[in-house]
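Each in C-alpha cells, the structures are laid out below.
Each of the two complexes below includes subunit A, the first together with subunit B, the second together with subunit C.
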Partner chain A sequence: MQAFLDIFDIYLLEAVINGILLGGVLALLALGLNLIFGVIDVTWICYAELVMIGMYAMYFLVQYYGISYFIAAPLTILLVAILGALLHYLVIAPLLTAPPINQLLATGGVLFVLQSFATVAFGIDFRNLGIRLPVLAFGDMNFSYARLLSFLAALVGMVAVYLFMTRTFTGTAIRAISQDRQIMALMGVDTKRIYLITSAIGGGLAGLAACLLVLQYDVHPFVGLSFGPITFLICVLGGLGNFIGGFIAAFVFAEIISLGGLFSDLEWGYVLAFAFFIVMMFIRPAGLLARRR
Partner chain B sequence: MLELRGVNAGYGTFQALFDLNLDVKAGEAVGVIGPNGAGKTTLMRVISGLIRPSRGSIAMEGADVVATPAHKIVSLGIAHVPENRRLFPQLTVDDNLKMGAFMKEARGHYAERQEVVFDLFPRLKERRHQMAGTMSGGEQQMCAIGRALMSNPKLLLLDEPSAGLAPVVVQQVFELMKRIRARGLTVLIVEQNVQQVLRVVDRAYLIEAGTIRASGTSAEMLASDTVKEAYLGV
Partner chain C sequence: MMGQGRLVAWGLGLTALVALPFVYRDPYHLHILVLILIWSFAYTSWSMMGRFGLVSLGHGGFMGIGAYVTALLWNHLGLSPWIGIPVGMVAAGALALIVGYPCFRFRITGHYFVLVTLALSGIVLQIITATRDYTGGSLGYTPNRASGNKLLALQFDDKTTWYLIALAVWLGGIVAWHLIDRSMSRYALEAISEDEDAAAAAGVDVTAEKLKITLISAVMTALAGAIYCQYQMFITPDTVSGIAVSLQMVFAAIVGGLFVSLGPTVGAVITILLAETLRIGFGTRAVGWDNLVYGVLLVLFIIFLPKGILGSLLDRLKSQRKVPRAHEQKAVQIARPGT
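So, the complex of A and B:
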C-alpha cells in the first residue's frame, strides 16, 4: 500500500508540473484571443488556423529551406502578425459596425478558407520539424524538454505583452480603447491604427504559439481543431476579454486535462475539462472572473 | 484664434446647429450658455471633431479644422474636456494623463507636462496610482481637465465642468478656471451654471435651438433682459 502511494505521489507531482507546462502555452493562446476580443470586440473564430499557418511556415522554413529554428521563429511570428493585421484590414474592419453574428460568420468563413488553402497547398500529410528534443528526468519524473521550452517562451511572450501594454503610449491606448471608443480621437488616437496594431500583436502571439506547438505536434490542415476549441473555452471560462481570467482559466484547464489524464488516458482529461466547462457555465456564466468594466 | 462660420451640424437626420457663427480670440475666456438641448454640447463636439459639420467652416489659427482628421485636431492645439468627464475608469490617474499626452508632439514633453498638471492639481499626484473610476466626482473632473492639459493646448474646451458636482466642489472648479486662465490658456466653456460662469469669462454666447440668440461681454449678458428672465431667475 505504502509503495503504491509513493508511486502515486510521484506521478501526481509529474502530472501537476506537466499541467503547469501545458497551461503556459494555453495561456498564450488565450491571451491573443482575449486581446482581440477585449480591444476590438470581435471573436477570431479562425485564431487556431492562424496558428496552423504559422506551424506550416515553421515546417517549410526549417525542413524545406534548412533555416535554423531560432531564425525561423521570429520570421514566423512576423508572418503571422502580418496575417493578423491583414485579417483585420480585409475582413474585420469592413464589418466593425455589423451585427456580431456577421462578424462570427465572416471569421468562421476565414477558418474554412485557411483549412482548405492548407489542404490544397500542403496536402493532408502530417508533417513535423524532425527535431526531437530530449526528455528530462528528475528522479523518477520525466518531462518533455519541448514542453519546458514552450512554457518558458510562452511566459516570456506574455511578459513582453504585459510590459508593452503597461509601459508604452500605444499599449496604454490599447487598454483605454475598450473603455471608451468614442473619445479616443480627443486623445489624438487613430482608432483604426490601434486596431491594426492590436490585430498584429494578436497574430504575433498566434505565431509564437505556432513556433512552440510545432515542437510538440505534427502539423496538418486540421491541427487547429485540436487546440482552437479549448482556447475558446478557456477564454469564455475566464470571461471573454478578461486577461487575468483567461490566464487563470488556462492553468485550471491544463491541470484538469493533465490530472484527469492521470487516471486513465489523456483523452479522458479533455472530457473532464469540457464537462467542467459545462458545469461552470451554469454556476458562473460570465466567467471565473466576470469581465472587468 | 477660433472661428466658426455658418456651421450646420447634427446627428443623422436631426440637425442641432443652424448657421452658427462664433469667435474666440487668443487669451479670452468665452462662455456658452443656453437651455438643455440647445446644441451647446454639439457645438463643442463639432469643434473637436467628434462630429463633423454638414456645412460651414471652422478655423483654428487659420488651419482648417473641418479638413483635419478627427484624431489630428488635438495637434492643432484644441483640447476638449467632454461632458461627464469621460475618463477611462479602469485606468490609473497616471495612465489617464498619459493618454492626454498620446499625440507625437506631446510625448517628448510628457514628464514636464505631468509636473504642470500635478502642480495645478496636487490631489492628482496623491491619487496617481488609483483607478480613475474610483475617485470622487471633483477629483475626476480635475483628472479630466488635467488629461486635456497634458497635450499643452492653446484652446481648452470645457463642457459642463460643474455638472453633477457638490456645490462646494463647483466653487473649486470655478476657482480653478481662474488659475488655468492665469497660465495664458484660451478657454471656451459651456455651462448651465449661468451666474457663476459669467463671473469667470470675458464674453458669452447665448444659444437657443441651435442658433446664437445673444452675445456680449459678461457684464452685458448679466444686464441683458433675455438672459435675466430665462436663466438668472430675476
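So, the complex of A and C:
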C-alpha cells in the first residue's frame, strides 16, 4: 500500500478515503452475518433483504409520517431486530436439526418472500429519503456527510456489539456457544433464548445498516441484490464466523470497489473484487485469517 | 433396474409427447409446454449437482453465459448459433472449472460453497450490466432476425418445431441423468456427500468426481440458456442470470423432488403453471405475487417435505408395495437410517 501512496494524486486519495468510509457499512453488514453464522451455524441468504425492508421502514417513517430521522432510526432498528427474531423463530428453529443446506435454502425462500412482498406492497419505484446532507470540502477533496456519518455510526455500532459481547453475561454466553454448541446447554445456558437474542442482534445490525444506507442510496425492492453478494464475498474471504477477518475483508473489498470505480464504472469495481476473491480462494481458501478447526 | 413395465410406460409417454403438437395446435398452450420443457432441462441440470449435496446458486451465471455468448456471437460476429451454442457451453464449462477447482481442491463445502457460487451468479449479472454497450445492460438484448437460412440461424417461427427441439433437449437431460444414475460416479458422489474424508480414504478422487459433475451440470445449464434465448428472442440479465434465476432453479427442483429423474420436471410444471395462472388471473396486479407464493412454498417445502412432491409420492408408493414383505422393508430402513 505504501508504494501506492507515493504515486497518488488527489483523486486517488479521495477514492481511498471513500473506500474506507464504504468499508465501515460493509463491515457492519459482515459483522451481523458472521455473528449469526458463528453462533447458530446458519447463513441468512436474505440478510440484504432485511436491510431493504429496514430502508423502506425509514422511508415511510421519515417521508410519510414525518418523524425526525433520529427518532425513526431506533424504531427501524427495533423493527428489523424483531424481524430477525421472527425469522429465526418461524424458519430456522424448525430446521435446526435438518442439514445446514436446508436452512440456507429456506432463507433463500424468505429472500423471495421479502423481495416480492416489497414489490407488491411498495411497487417497483425508486424512492429516496429526500434528505440531502451537505458535502464536506477538505482541500480539493469532497466527501459527503452521509458517508462520514455512516462510517462513524457503523463504528459505534460495532464497538457497542463488542462491548456487549465482552462485558455482559449474555454476551459471554453467546461467545461460549459459538465455541461449543453442545456443551453450553449442559452448562445451564438456555440455547434457544441465546439463539433468539443473537438473531435479534443480527437483525438490529441490519436495521442500523439500513438507516445508514438509506442516506446514500435510493430504495427499491431489489436494492438488496446490489450489496448482498458483496457481503457474502466479504464473509467468506474473512472466514465465515471470523469477526476480525470479516472486518479486514470489508475494508479490502471497499478499497477495491472504490479504486476500481475510480478508473472505470462501479460495476467493474465489483468485477475486479470478484477476480481478487477467486485469486484469494487459491491462496487462502479458509479466509484471510484462517482459523484452524 | 428398469422393469419391462416402466420401459413400456416411457415409450408410450414419449410417443404421446412427440405426437401432441400434430394433434393439438393451440399456440399458447404449445408455448407454455415449450417453456416447461426448456426450464425442466435447466432444473434437471441443476439437480445433477444438487442431489449430491453440491448446492450451487451460481447456475444463473452459467445460464446467462450460455444465452449471452450465443446471442453476442450471432449479432456482433455473425456466427451461427450452431457454433455459438458450443462456444457458450465451453465458456460456462471453463468458468465452472475455474471456480470449482479451488472450491473442491481446498474442501470448500456447505455454506462456503453456496456463498461462493451465489457470488458467482451475482458477478455474471454485474458483468452483463457493466458491458451495456454490447449487451444492452439491464434493458435486455435481442438476437438479430435472420435474413437468410432459418435453420442456420436456429430461428423458427413455428411453435411445433420449437416444441420438438425442446422435447429432444429435455429428453437428452433425462437420459444424461439416467446415465449418471447408473455410473460409478454416482456411488462415488453419494459417498462424498455422506462423508468426504471417508470417501477419499476409500480411494475416491473427490476433487475429480466433483469437478466432473459440476462441469456436466454447468454445460447443460448453458445449453438451456442458449435454447431459451433462441426461442424467446429476447433476454435480460434478470430472466437468464443472477441470483433470482438460481434460486428459482433450487425452488423448482426441491418442490418437484431432486432425488428422482422426473422431479425437476414436475417442479417446472408446477412453478410455470402457478406463475401463468397468477398472471392470467390477476393481470398486471400479479407482479410479485408469483414470487411471493414461490417463496412461502419453498420455505414450507423445506420444512415439511424436503424430498419434494414426486419424491415423497414415489416413497409412499414404494412403501405401500413393500408392505407384505415386512422384513425387506426393515432391511431397507437399516441400510438407510436417514429415510
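The criterion applied here is as follows: the second predicted complex is superposed on the first by the 281 of 293 C-alpha atoms of A that agree within 3 Å, B and C clash if a C-alpha of one lies under 4 Å from a C-alpha of the other, contacts with A are read in each partner's own complex, and residues count from 1 in each chain.
Here is the rule we use: contacts are C-beta pairs under 8 Å (C-beta built on N, C-alpha and C of every residue); 3 or more make two chains touch, one makes a residue touch a chain.
Values in this document were obtained by computation on a predicted structure and should not be read as measured data.
Superposition of the two structures on subunit A leaves subunit B and subunit C fitting side by side, clash-free. Measured by the number of subunit A residues touched, the leading partner among subunit B and subunit C is C.
By the touch criterion stated above, A:Ala176 is placed in contact with subunit B alone, subunit C being left untouched. In the superposed model, A:Leu78 makes contact with neither subunit B nor subunit C.
Residue contacts after overlaying the shared chain place A:Leu13 against neither subunit B nor subunit C. By the touch criterion defined above, A:Leu259 lies against neither subunit B nor subunit C after alignment on the C-alpha atoms of chain A.
Once the two complexes are overlaid on the shared chain, A:Leu240 sits against subunit C while remaining clear of subunit B.
By the touch criterion defined above, A:Val189 lies against subunit B but remains apart from subunit C after alignment on the C-alpha atoms of chain A.
Of all C-alpha pairs linking subunit B and subunit C after the chain A fit, the shortest spans 13 Å.
Taken in their complex, subunit C has these residues touching subunit A: 53, 55, 57, 98-99, 102-103, 105-108, 110-112, 114-116, 118-120, 122-123, 125-127, 129-130, 242-244, 247, 250-251, 254, 287-292, 294-299, 302-303, 306. Across the interface of their complex, subunit A is touched by residues 48-50, 69-75, 79-80, 82, 86, 88-91, 95, 98-103, 106-107, 147, 151 of subunit B. Interface of subunit A with subunit B (complex): residues 169, 172-173, 175-176, 179-180, 182-191, 292-293. By the touch rule above, subunit A contacts subunit C in their complex via residues 37, 43, 45, 91, 94-95, 98-102, 104-106, 108-120, 124, 221, 225, 228-230, 232-233, 235-236, 240, 265, 267-268, 270-271, 274, 277-278, 281-282, 285-286.
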